[in-house]
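In what follows, chain A forms one complex with chain B and a second complex with chain C.
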Partner chain A sequence: MSEKTIICRCEDLSVEEIRDWIDKGYRSFDEIKRISRIGMGACQGRTCRRHLVMELARASGKDPSEIDLATFRPPTKPINFGAIAGVDQDA
Partner chain B sequence: MSSIDNTDILIIGGGPAGLKAALSAADQGARATLVERDPHLGGQLIKQTHMFFGSKEQYASERGFKIAETLSLAVTNHPNIRVLSNTTALGYYEDKAIALEVDKRFFVVKPEALILAAGAQENTLMFPNCDLPGIYGAGAVQTLMNVHGVVPGERVAMVGAGNIGVIVSYQLLQAGIKVPAIIEAMPHIGAYHVHASKVRRMGVPIYTSHTVLAAHGRDCLEKITFAEIDHNRQTVSGSEKELEVDVLCIAVGLTPLTEILFQAGCKMVYITEFGGHVALRNETLETSIKNVFVAGDAGGIEEASSAMVEGSIAGLTAAANLGHGLDSYAVKLSEAQKELANLRRGPTGEKTRSGLQRLSLAGEVAS
Partner chain C sequence: MRKTADVVIIGGGSLGCSTAYNLARFGVDKIVVLEKGYICGGSTGRCAAGIRQQWGTEMNCLISRYSIKHFEVMNEELAYDGDVEFIQNGYMMVTYSDAEAAMLKNNLILHKKLGIPVQFLSIEDVKEIVPAINTERIVASTICMEDGQANPFKVTDAYFRAAERMGVEFNTYTEVTGFQVQGGRIEKVITNQGEISAPVVINATGPYAKFISQMLGHELPVEPERHQIVVTEPLEPFLKPMLVNFHHKTYCQQVVNGSMLIGFGDADEPKGINYNCSWQFLKNLSEKIIEQIPIMKNVNIIRQWAGHYGISPDGQPVLGPVPEVEGYFLALGCGKGFMLSPMIGELIAQCVTGRETTLPIDILSIDRFKKGELIVEPAVV
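For the complex of A and B:
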């Protein structure tokens, strides 16, 4: 049995991997998101966002309120391309 | 891409705040569209089998699901309200258009005013194997049991002795499930005394100043390790305990659902007492963007009674901004604001009052 501590379930990332990126000098939410894909899965960061903010705050000695979040882009949930294109789902 | 007939006011979220927002706006003569992700209206109220406190106006002594029934019926029968269930708000775009997925089809709506009443999401905890099947949010377990009639397992450990953790523990006991421990990181129990003493009387130990160290199991949860922590949150050595459970329920707070407000460009600020980032807003719940409102837990974690009053305030004001119900607006607004202040009095309202104070300071800095 692995003893991994998963931070982002959608992208299967452990907190150890994220701490490695922080140690390598990736210190903003956006940088970590781009290098690791954290928060880019089906739930769009709803589970991991809070944990990543805390990790970044701890590593930099900042208050969580000082950590900038990444941009919130639509759509807020997975949606079929067919729906956006207006294709009838039943066709 | 299809568009929906334009509506005066779009309300996102059919929980206590959204239902009241729709009703109060529609009563003033505005046309409201209420979107709800689930098939049913009512939000978290539909699974709340316990009685409410608060004032008579806010349904004291009624059970949550009964309140949901009453409000849903009023909304569904209101000639000025259109309800779109199975509908998710997907995003807010530059031209003030909001994309909706309605029954798996894509629509765009351009309302004159928006009230975001999307509620909140459950927080999770990180520990080794925190992704094992059998580890749930407490709200999810409450939905499984009280909405779908499914028990989550046989032996449940609860993390969190706030109101949600303690109430869900009690409901698990009522369903005949064993709850061998409630584990709380704080040195004290956060839940109302009346709820906590009920589970204590039924023999459930509440371990304060304790936390979960790890989950164990092959394919699903079989056991947890938990231990005492000191005031620096460090494990007290020798205090580790093992507990065989097939379900671990996490009730460690909620975070407001705010994506749409970020996308709309509302000024946002992190308020610990409110559970994360929330929109700056004035006393009528209008954000820094004209005609964009927030109500209920989406604006800061509180509870259903105040969410309902916030919904009314936002609904009344959105309607007034569009020229509806101007004669009665001032009186109704002041009644609702008084009601809200009453709900937030006393020790249980302390956290909210402190959050509001920080919010108002942040507002002064931003303006």
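For the complex of A and C:
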């Protein structure tokens, strides 16, 4: 993985950008998520989550299993307002 | 962590960080911020980040008006190396009833008096500004194009970094658990990371404020109230202003990346801390938003979350000293703390350092509840 590799495709963030935030002192998953928007996009962190955990583990010398993840929130998959309200949606 | 400080601020949200910066600006030497989690991990990091002057009480209008002047120059004022993303796309207020229309008219008189540029909109105006809105039930609408939004993480980060550069000590993952009080005066703050002596303590814990007061034997009538919100997939820009609907108690805003932030205030929400999300909220919200903007039925929600307002009995901030405990000050925004944070930080710093305050904050002192001098804010959602 090069420094320029995109690790969050929804928010277009590279490894380098994430390492910059870690260097600036942001040390937890939630802190980096809030300041950089990593994992906040449409896929809600399906790909980037693992990569961010690895970066945080590397920077802190911890095992990846010791890194706290951001809270999982509903909906598990994107769902539209019409489906929830029970109205017809356009095709 | 320092063993002594001139001022301890509890809470690292928008208000704690702004207060820290302003105290440093006024030359206070040893300032320490204690945050039980991380910076911006509380309500500030969960809010909709709308910024409006269209309130119904003079103080709410004035504090937000002065705050907007700070937001307009915030990147420069705080020498921020990022962007706080302040955008003035306006707030559009909409009502379906004559009673609420009368409230908007009353507010407008106040806004005129204070020089806030608010305009009445005809139904045609509403349609022109946001063609996607269903205007069927709209009775009245106002807009203020100076209102807008900012990025709450960046605003708090900007205050935090400016304060840190000026020598403020920030201690994260440090929870206040008690105090040592002698003869009615605060002497020490006790945390899970040790103790710190300080003559002045500022409570900027937002929805947790009453728990800090409880540790001091002080009764604070500011209750935590859960507010839920959703964010959608990004859409092409179609909603410029923040849309506030007083009938549905909703707010709906398209943010910089095209996503929509939508929430509503639930009148039946029990008081207390609760970070869970409910299905009922999602269902009610979906019905409310589809009535207002029918095309929303096809839009995907990607996340729902919850945070809290700290609700005061009259919906206005609670600021300044607590007479019963010497050295104890409140910096509570009460449901609109983010948008008011630039000015509340300044006012509290002025008050603590014995300066004249830019605005008469006595009106918002805790005393008003005992004296029964409540001026209820009508324009909340």
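FYI, the second predicted complex is superposed on the first by the 86 of 91 C-alpha atoms of A that agree within 3 Å, B and C clash if a C-alpha of one lies under 4 Å from a C-alpha of the other, contacts with A are read in each partner's own complex, and residues count from 1 in each chain.
As a convention for this text, a residue touches a chain if its C-beta (ideal position, glycine included) is under 8 Å from a C-beta of that chain, and two chains touch if they have at least 3 such contacts.
From a predicted model like this one, the values you see are computed outputs, not experimental measurements.
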item: Three-chain arrangement built on chain A, chain B and chain C clash or fit; value: fit
item: Contacts of A:Arg46 with chain B and chain C, given as first, second, both or neither; value: first
item: Once both complexes are placed on the shared chain, angle at chain A toward chain B and chain C, C-alpha, multiple of 10 degrees; value: 140
item: Touched partner set for A:Ile6, first chain B, second chain C, both or neither; value: first
item: Partner chain in contact with A:Ser28 - chain B first, chain C second, else both or neither; value: second
item: Shortest CA-CA distance in Å separating chain B from chain C in the superposed model; value: 6
item: Footprint overlap on chain A, where chain B in one structure and chain C in the other make contact; value: 44, 71, 73-75, 79-80, 84, 89
item: In the complex, chain B residues that touch chain A; value: 1-2, 88-93, 99, 101, 104-106, 121, 123-124, 126-131, 214, 216-218, 255, 257, 259-260, 262-263, 269-270, 272, 276-277
item: Touch list for chain A against partner chain C, complex; value: 28, 30-31, 34-35, 37, 40-42, 44, 71, 73-75, 78-82, 84-85, 87-90
item: Contact set on chain C toward chain A in their complex; value: 38-41, 45, 153-154, 157, 231, 233-234, 257, 275, 277, 279, 282-283, 285-287, 289-290, 296-305
item: Residue ranges of chain A touching chain B (in the complex, touch as defined); value: 1-7, 9, 15, 44, 46-47, 49-51, 64-65, 69, 71-77, 79-80, 83-84, 86, 89
